[in-house]
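Structure record follows, encoded as structure tokens.
First chain written, first letter: the chains are A, B, C and D, and each begins at residue 1.
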Amino acid sequence: MKQLLQQFIDTRAYTEALCQPLETEDYIPQPADFVSPPKWHLAHTTWFYEEFVLVPHASGYKPYHPKFRFLFNSYYNHVGSRTARASRGDITRPTVKEVFDYRHCVNKYLEELIPDILNDDKIVETITLGINHEQQHQELLITDLKYTLSLNPLLPVYQEGYSLVADTRKAKGYIQIAAGNYNIGADNDGFTYDNEHQKHQVYLNDFSISTALVTNGEFLEFINDGGYNKFQYWHDEALAWLNENQISSPLYWQKMDDKWHQYTLSGLIKVESEAILAHISFYEANAYANWQGLRLPTEQEWEVAARQFSWGKRWEWTQSAYTPYPGFKIASGAIGEYNGKFMVNQKVLRGASTATYPGHSRVTYRNFFHPHLRWQLTGIRLVDDSHK
Amino acid sequence: MKQLLQQFIDTRAYTEALCQPLETEDYIPQPADFVSPPKWHLAHTTWFYEEFVLVPHASGYKPYHPKFRFLFNSYYNHVGSRTARASRGDITRPTVKEVFDYRHCVNKYLEELIPDILNDDKIVETITLGINHEQQHQELLITDLKYTLSLNPLLPVYQEGYSLVADTRKAKGYIQIAAGNYNIGADNDGFTYDNEHQKHQVYLNDFSISTALVTNGEFLEFINDGGYNKFQYWHDEALAWLNENQISSPLYWQKMDDKWHQYTLSGLIKVESEAILAHISFYEANAYANWQGLRLPTEQEWEVAARQFSWGKRWEWTQSAYTPYPGFKIASGAIGEYNGKFMVNQKVLRGASTATYPGHSRVTYRNFFHPHLRWQLTGIRLVDDSHK
Amino acid sequence: MKQLLQQFIDTRAYTEALCQPLETEDYIPQPADFVSPPKWHLAHTTWFYEEFVLVPHASGYKPYHPKFRFLFNSYYNHVGSRTARASRGDITRPTVKEVFDYRHCVNKYLEELIPDILNDDKIVETITLGINHEQQHQELLITDLKYTLSLNPLLPVYQEGYSLVADTRKAKGYIQIAAGNYNIGADNDGFTYDNEHQKHQVYLNDFSISTALVTNGEFLEFINDGGYNKFQYWHDEALAWLNENQISSPLYWQKMDDKWHQYTLSGLIKVESEAILAHISFYEANAYANWQGLRLPTEQEWEVAARQFSWGKRWEWTQSAYTPYPGFKIASGAIGEYNGKFMVNQKVLRGASTATYPGHSRVTYRNFFHPHLRWQLTGIRLVDDSHK
Amino acid sequence: MKQLLQQFIDTRAYTEALCQPLETEDYIPQPADFVSPPKWHLAHTTWFYEEFVLVPHASGYKPYHPKFRFLFNSYYNHVGSRTARASRGDITRPTVKEVFDYRHCVNKYLEELIPDILNDDKIVETITLGINHEQQHQELLITDLKYTLSLNPLLPVYQEGYSLVADTRKAKGYIQIAAGNYNIGADNDGFTYDNEHQKHQVYLNDFSISTALVTNGEFLEFINDGGYNKFQYWHDEALAWLNENQISSPLYWQKMDDKWHQYTLSGLIKVESEAILAHISFYEANAYANWQGLRLPTEQEWEVAARQFSWGKRWEWTQSAYTPYPGFKIASGAIGEYNGKFMVNQKVLRGASTATYPGHSRVTYRNFFHPHLRWQLTGIRLVDDSHK
């Protein structure tokens, strides 16, 4: 494992590297509630260190700006009031340059502090959480940005050759897992989130799981078969969602001259049949599985099987709801708000994606989103109960 | 087990008995999407027999009225289009009397048919489903009615002495369940729903579960401690729900002259401290458990433990999301729409309530509602992981 | 002029006569904010007498029921709080029969009181206002009822032969009005509303106005020419309204087997080409006039010209906004709320309709509705500025 | 009158001068439907010249960018589809710099074209319309910007000393206008909008009108008297608006330490008692007048009287709805969409404001906004019918 200081420096630098192709204007808009502006990600990941490390632990540290605590808090009620979730795109000041200055100032303090606190487990743990927190925001930053740029009729190119979705599928086949009791959840080795704790036993039935993710071409067969209009494959509230939002293909797809195209961060491209599907909701993933006569895995099945296949290109929808593991306890104080309060009405996703920071993933990692959301690099892996 | 014909007759009669205290006017309104008018319940439970039993199996049977299929279908997409869910209260004709005539006509056909088809398992199964279906609607009918009448400033009395919520708690204490593998789900003995199938193994950790449900008095302590305003006990979306709906007490509660009262079907009464709490959402149940430092059971824990305590007065919120059991398959055709398509964004409730038809409950029964709904007789049972 | 007592008796009886064909169920629903249930009209017109005549002027009179003041107040803030406008359809009690009892009781008191107060101008004026108020509600009662019944897939018949819309147009042609100063507004002869006061001068330019209302056949030419899709004829917010509500024909019209039909109180009938158009919004009236290269009259033009043509079958949209006349003063107290507080964002309609109580109209009468509403018997009369 | 070329150059330069204090970030957000981003104003006013002057009249001219027609059209349906009104803040490219390049390129073409077309009345008229159009957008640009910056908790300063609202009232008193016929509307001397045409006669009663606008101090008396809570002064829909938006003071006002402050473009300042009130809706203006026992003028009264008092600091709400003048005809083609299609549900404002381009006002000018809007520099002038 890299040393803490180097991890900190690398992660901080990577966020800024992601922003390198941006124009100042790109840092501002928030076109949907679930999206945050790049400027906000830059500032909020900085605020986290200031609030939870520098203010309590760097003696004599004074907050960089008295209002930043309000401006760049995300959802920590313990910390006080904050900018309304949907209003982040209205805030033009501080400027982008001022936010970079803020980052660099906090970086300097952290880089001085870290060598001195390496024996203080509590502070090391908080900084490690800050690093992981920023890595999560890197993934959001780039997927939020894709969503914003996609709304522009000019279809702007973020960076030539940077597509996130151009992965050709290689492997194919099913592996079988035998019924029995298995261990699920994280050991206390290395950093893990509270929602992965604690290791516990589950009983699983026999099942077979695909070693491959569903491709665009396979999903096109579902579309071409009229799958979006066949009610029997869909949840009741999925039908309402389809109708209200007039949805009949994955996010970013559009038909031009009778050919399917998709917006990517390198511009509009043709939908590649062999590439792995991305940007579908849980509703679509589940309907597709029903149409195949198969099903999505539970998160426990996924975790047990994942040691035997390659994963990490798509966040994979499971049929599991995001609920607490046995023995889960909300930590006290603001850090305790990290995960527990979202444990209702969301679905667990397992794996990682091509937008995930290298190393920011593990077989026990639990990601979660509301079932209708599609702007993450979400994909489908199928389970076959009849397969031998 | 009662014979099928007698079950049919009794269930049909019980629905009408529930309506006996009503005025014609009471059969009409639908003040919320989740409520249906009594007239609609009367007709829809009749339509079910007509659509799934008489039309396919009674030779020469002609539908009672060509438009009733449209008017009284609930959500079966296979059967065709239907009255919009939220518009049931706009339909004044057929009149209440005409709906009773419709019921009696269909009853007559069924009563003639049943003795002739007792050896046809498929038809018996469908009629049995019809009977259970009507029993579910009986519970909805009376709780929907309570909701509607509660909105009337005259606070109408449905029937003197009929309160649904006046149950004093007797037992108290915890029972302990040992870790291990347990069987969950229904055997094929007697009628059960597809969502209870099939019996399967789960592993459970040690836990202790209360033999008693939470009382009004206990919940009042939470209120008096400012529980509704302490964000740390609530899910993030629960806070939005509280704020948007200005909620600070269970449904039907109001403070008058500094004393808590609640609307019941026998009118406005004082909140009895020793009576079992009812009409709270999952959000409130979960927040209360957090405040106590305890938690709600999973549905599997509940099912394993329920053989050792008395239950059946409240539907009890569990922390489990409503997802399919291992091996769950959606049946083909309209009957297959019964349960599977609701398996997202809902919570499982276990038990039964004082509004449940006698016998319409069992330890494997899975009820389900969205987490914000409160108009059912919902209650709280707590689990203590530290209890010995 | 009929004597006050007889007017009172006749008006009260006519309301009940309108209800004679109804089933009890029909008295309950409120399918839209702008509609009130028949039961509510029956009770509210009674409450008006109780609140403004009996309570202040009948010595020793005790309100019939302590909660009726809350239940059946419409919008008089001076009188206190009231049932929310949109919740009138949720109130099942008092029953219809009890509301009729309430009416009859108040009738009896009024019939005793009236002979004794004929010399008290103030009370006579208030009772006269009550009579006119009830006549307005008669028109609403029958048009609200039409709206409610129209939503029922059974297309119920209120009464055979009672259609409201089957008026064949007779006259045709234009009359010309010369430029000059004219008097507008009501003298103090006979009952008039405060919004018609006071008589004042206006200057009008030359104009020619049609003696005929637009027919269904003429409006069909607009439809067939694609008028609903030609943006240049519509107000900007009309385009949003068309799109949001998917409107492409008058209210109650539907095409069946390629023929236009319309729902009427005697059931579904074919659209008669020669009959006068009804049930269009101001937006549609204005777009039709633009398409014709003509325009709607102002209310002042209408009032000056109306002495020279026959009117009274449709409320006729004018291009005038509902604003106060010169010298208009809001009366003090609850009665003062009658008209003034609605004088924004509404359009004036002139004339009367086939649903208007006989005699409840005059050339100075100002009716008013929001420009998107269509459930009244609204029609179109055109002005031609170039006509000679 | 300045020559056309100089007018063009000055107006184009003034728009850019208004933007001089901005950071790049300030050009992007659109926090409300009625607001447009500065970048959009800059581009749209340029597009107008390109679309209506260069493309039809500059031989061989090719549009600067094929998508700009879509991106920067505002509401001209004749010209084709366009960016959704509410999505202007989502568009980050073209960058601000690219938009300035676009402006300068179009400027160059116009500056070359203008000297050659001075004898072509039609083109001169269109360019003159373009200049006036840009002047309108200048006022919107600065008031939109104020609205956006006001939402930032940092309360950014646009420019020290630039407040728009710091006008101390000087004059005081009433002038009296005698009853009679008056001419209203524009002569064809100099540029005027189609909505001011054509000159026509009206009859007015006697009235007295204040020479002074209402001050902050006078409006504070209304607030302190509980005016926002006294229903009798408000329109019915104003009460709903107050309640839904929790409004109890003018826009930008807030109480701090028991003192009223207001956000201005030079930051937060104390509310000056002697300064003229701004940022109130028609509802508030009308309620204030009612509270005073006075009323707002009609637009005709204002126009007749305005020659006798000083005006131009606030747009003044009138009680007149925005409807067409006698003889108003919508011009054919896209230019015809300029005014007519907004003539419903809006109120006329007369005068001008401290944000209006010098000279962009005249006594016949008709501005118009929906009655609830407050972000313009709106004010109150009172009429007294009893005054002698």
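Assume a contact is a pair of C-beta atoms (placed from the backbone, for glycine too) under 8 Å apart; a residue touches a chain by one contact, two chains touch by 3 or more.
None of the values given here were measured: they were computed from a predicted structure.
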item: Taking each chain's C-alpha mean as its centre, the one farthest from chain D; value: B
item: Whole-Å gap between the CA centroids of chain B and chain C; value: 45
item: Distance from the mean Cα position of chain B to that of chain A, given in whole angstrom; value: 36
item: Cα-centroid distance, chain B relative to chain D, in whole angstrom; value: 57
item: For chain D, residues that touch 2 or more chains besides their own; value: none
item: Chain-level touch network, classified as line, ring, star, complete or other; value: ring
item: Residue ranges of chain D in contact with chain A within the complex; value: 23-29, 31, 39, 67, 70-71, 83, 87, 89-96, 148-149, 151-154, 156
item: Residues of chain A touching chain B in the complex; value: 75, 77-78, 181, 200-203, 205, 231-232, 234-239, 282-283, 286, 290, 295, 319-321, 323-324, 326-327, 330, 336-337, 341-345, 371, 385
